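Working notes, structure below.
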Amino acid sequence: MKKLRIGVIGTGRIGRLHVENLTKFVSRAEVVALADIYIDQAREWASEYGITNLYSDYRELIARDDVDAVIVATSTDTHAEVSIAAAKAKKAIFCEKPIDSDIDRIHEVIAAVKENGVPFQTGFNRRFDHNFRGVRKLVEDGTLGEPHIVRVSSRDPAPPPISYVKVSGGLFSDMMIHDFDMVRYLAGSDVVEVTAHGAVLVDPAIGEAGDVDTAVVVLKMKNGALCTIDNSRQAVYGYDQRVEVFGSKGMAYALNDKPTTVEVFTEDAPRTDKIPHFFLDRYTGAFVDQFEAFVAMVLDGAPNPVDEIDGLRAVEIAKAAQQSLEEGRTVTLEV
Amino acid sequence: MKKLRIGVIGTGRIGRLHVENLTKFVSRAEVVALADIYIDQAREWASEYGITNLYSDYRELIARDDVDAVIVATSTDTHAEVSIAAAKAKKAIFCEKPIDSDIDRIHEVIAAVKENGVPFQTGFNRRFDHNFRGVRKLVEDGTLGEPHIVRVSSRDPAPPPISYVKVSGGLFSDMMIHDFDMVRYLAGSDVVEVTAHGAVLVDPAIGEAGDVDTAVVVLKMKNGALCTIDNSRQAVYGYDQRVEVFGSKGMAYALNDKPTTVEVFTEDAPRTDKIPHFFLDRYTGAFVDQFEAFVAMVLDGAPNPVDEIDGLRAVEIAKAAQQSLEEGRTVTLEV
Amino acid sequence: MKKLRIGVIGTGRIGRLHVENLTKFVSRAEVVALADIYIDQAREWASEYGITNLYSDYRELIARDDVDAVIVATSTDTHAEVSIAAAKAKKAIFCEKPIDSDIDRIHEVIAAVKENGVPFQTGFNRRFDHNFRGVRKLVEDGTLGEPHIVRVSSRDPAPPPISYVKVSGGLFSDMMIHDFDMVRYLAGSDVVEVTAHGAVLVDPAIGEAGDVDTAVVVLKMKNGALCTIDNSRQAVYGYDQRVEVFGSKGMAYALNDKPTTVEVFTEDAPRTDKIPHFFLDRYTGAFVDQFEAFVAMVLDGAPNPVDEIDGLRAVEIAKAAQQSLEEGRTVTLEV
Amino acid sequence: MKKLRIGVIGTGRIGRLHVENLTKFVSRAEVVALADIYIDQAREWASEYGITNLYSDYRELIARDDVDAVIVATSTDTHAEVSIAAAKAKKAIFCEKPIDSDIDRIHEVIAAVKENGVPFQTGFNRRFDHNFRGVRKLVEDGTLGEPHIVRVSSRDPAPPPISYVKVSGGLFSDMMIHDFDMVRYLAGSDVVEVTAHGAVLVDPAIGEAGDVDTAVVVLKMKNGALCTIDNSRQAVYGYDQRVEVFGSKGMAYALNDKPTTVEVFTEDAPRTDKIPHFFLDRYTGAFVDQFEAFVAMVLDGAPNPVDEIDGLRAVEIAKAAQQSLEEGRTVTLEV
């Protein structure tokens, strides 16, 4: 069996998760090298996975001939630099979202990717979620007809620390960016208008840090569909992730997962299991499946499920949403 | 048992429904008289209910001493005139929504009601729906904490005839007006900002008639909550009526009713019953319960569940939504 | 509209419920007379329904020419006598279950009914329940294929007083008799073998009174299907009424009803509404629909939905179950 | 991290599944050796997992000092022999169910295990299923009170080949044995009475082979609970696996899993995903978790979740059920 030999750049939480998933679950992938500026902190952990090619300079990893593809899991501000270097070295690239916070910089990545003819997948893992993919399939196979209304609810169990909020780039870029991609995925169309509404209802400190913690955004799609996204930084009941597509021929929604199907009836109200509280519990399978798709794209020439333009669009929409909120008006996008 | 003696003015579909519900299900109500300009067409039907005081001029009905309360179920353009006459005659008033399409005219009704000290209930029957009332109760009793996000989906099974669309006053006044009231009811607060988005996706003829058939409206409430409403004139799967309130302490939603709890498993996908296709199937109980509340208000001095100001607000919001759509901007309301 | 003129015999709780349902909801029925040995206690109540023909001797009611049909809602030990008298007077008969506790006596009723050619419906109202009817329909229309396994769970919210248990005739005759009929209805076949198991788990006093409070019965049907029924005198969470049919082409079950579709998510486990606690809340519609069917049978010649043989069979099965429990062996029935 | 060094004996379908699960998901387990009389057929497959100690004679595997524990996944008739040999070699033992089809032989295993003081776990993987464990937990923590009624439905998607049916030992030993263990697990008590009912409704050839394809068994537990199990060899809609416990304080059931939460509403009836069709899809997690428990028992001294007595009991009940079916009477067990 031909395997895709992968170098993982960045060994923080998400990088390590990727290594674990690739090793355990993606049979046609092989992690052959790791790079991190603090690579020493990863040595023991790496040895558990039998990975011995470790670098503090990612360029050495990229220079290896036996690396077919790289996964860019470094901090956001270095995604572009690493990606461009990898493209020049003709490596297939999987880059965590967002590609960059600067749109010009994303265009530089796109140019490098194009020039070098390498495949580039953006890390929008939610496209691979079993529930959302199930709804998307019903759009694709025509069951729902033309999409008219799309609804996405995405609410975190608890807000991040204020220190993080301050450098996060704001709720739209940091949190809702996933949902911007989801809306494009579900509606099968591009966003042409963005109108954002926000409020500080969870924690005044988030407002003092210049951000909102509750937001509703309406998007008009090129195919005419009207979409709403709502986000909250704090859903006390867990990680609330639901979508709905309403079309000319029908409607489908995906509710939250629950760990068991148990229903309990006592003198109190009937109850069921709680929904997952942590994104890793909810998106376990999605994190694996995005790499299956990446491997299939590189090895088999399968279609790119989330390309660099998808990565660009999400950032454009996030910026438009921020602008809409600040200027109190609808912002138009050209696509 | 003391009964409320009611005169029903208007014997079209909704008027007859009210008579039937009052007679069968509201034990403390007694329909003693009917009025309609075409009263002859109602004679046979009225006799089945044993109602013998029939008038073609509603003023004669109002003049009766044994009429304690009137139900105004005439065409919208006469609601105000009839209501004002009833107020002057010191009758308790139940008026179908909207009170009027003209805001000044509504203020005249409000003034007459105030001057004559009569109770006035607006016919927003959905407040009495078992599901929506269940969600509202969770807001009232504090289970959900402060409301942050409210979502209302309200979709009709099929569009009305184009001839009706042309005189309907537009989707916001004709259809979404129920949802504007629902949002105020669920959030327990008033609307301060309206941003409307619309599209013609169901039938181009609706667009040619100057209306939209698909709409999404975002409302900001005085208490800070962000609300979304989506409407479609055509949900091929039935009459889709769902609400959700997300708050600081929890979230609750109400899904659609189904006629049975049966789940069928065959070689095909598991399936359940279809949802109701007709508003009367869905809101049967709500139509009755609004009159129970009306009777309790008049006879027992119970609180008014939907007063004339509620009737005014919904029309104000509908007009703001229409203006927002036409001008492409957020419209602010003063409350 | 031709109406069926009905005399109701017996004005206890169930008789009054029948009068109320017939008057309010069954448009082609008219209650023209009432009989009860304590008819004086019903006078005021009867006047509310405008019923003026009141008798302490049911024979006077039966003697009226303007009574087309009688409803027998007296105590069980008089069902047979009243039914036979009504049959001789050529009245259509609706008789509460059980027809009698003595099988010979039931045969006398059957003979009288046959001899006089009158229609006779037994009051197994659960056949008209929306959920159970939904499952039955899937058997009838072939969706589920040949029935192989039928399961019925029927659990009361709380046991009756011990004084009642002592005269009830035992759990099988008093409570599970409904389920014996349900199994025949769902499987569309007759019972040929009965094996009963019982236990005293709820209240030792029930055991001391010579009865069980928890029981499981297995029935083999003429068409080969295996059926299980479980009963408990005490389900602390409410009135638990569920059925399931598993067949060669599929399976269907009906879960309990809930008053609303609301689901609540807070820091506690997600919860829904409680199930109904009282049989009237659960079988409201069924009580009405059985009379619609009775009227249609008498006036239109529609098929008898629960005839006297159905009434007989349920008692036979109940007796076989009691015998099986006492003798610790399977009891065979001839049908 | 101290690891449990495991030798797997038997490399058929289930043996290979165990190796895969142990290697990928059980971090404290290490498969160090394999044995199979046809070991050559497993060489290539074994090399993928890096396992190099391969034996055609299981005694050589057992003789290795670096094997702490063995997994017995050979054909049923050799379970006892291999287990006894492993016990004598002081290895911890995980043995597939049933331990043996002969009760005396099981007692020999039990004696060997006792004499040599080794831990012995029986492969009833369903105890580790997320749904069933969820229900069991509610019994254990007292939420449901004393168990009164337990219901288990277990239906296969399609019958095995007739050639297999002939040597299977019959439905009770081959299929329902899992459910016998499940009932003991859920009720937390032993079986004292067994009454079995069976029928040939799926395929006459199964009857000709001397077996039944549809069965209902009632079990009385030492703690008084009444339990029903129903089995069918053919549920056309998938692998139907549900349980329910009804107790003095409440009731809980676990429905079937579905791959997604998607609900689709079109002009047809609303539908959801199909349930799994294959036991591996349903019990994936359970197969892993039983080994986590095995490792914890051996390495940490955690309680044995399914010991040799559990293995014995299930076979005893299966034999009693077969006897009950053949003799048409209740069979009593002494525990």
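Letters A, B, C and D name the chains as they come in the text, with residue numbers starting at 1 for each one.
We adopt the following convention: a contact is a pair of C-beta atoms (placed from the backbone, for glycine too) under 8 Å apart; a residue touches a chain by one contact, two chains touch by 3 or more.
Predicted model only: the values in this text are computed from it and were never measured.
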item: Touching chain C and also chain D, the following chains; value: A, B
item: Most distant chain from chain A, judged by the mean position of its C-alpha atoms; value: C
item: Gap in Å, rounded to a whole number, between the CA centres of chain D and chain A; value: 40
item: Intercentroid distance (Cα basis), chain D paired with chain B, Å; value: 58
item: Separation of mean Cα positions, chain B and chain A [Å, integer]; value: 42
item: Junction residues of chain B, two or more chains touched; value: 236-237, 240, 249-251, 264-267, 273
item: Parts of chain C lying in touch with chain D, wherever the complex brings them together; value: 146, 148-149, 151, 153, 155, 195, 197-199, 201-202, 214-216, 218, 220, 224-228, 230, 232, 234-237, 240, 246, 248-251, 328-330
item: Parts of chain A lying in touch with chain C, wherever the complex brings them together; value: 236-238, 240, 258, 264-275
item: Footprint of chain C on chain B - complex, ascending; value: 24-25, 130-131, 133-135, 138, 143-144, 249-257, 259-267, 273
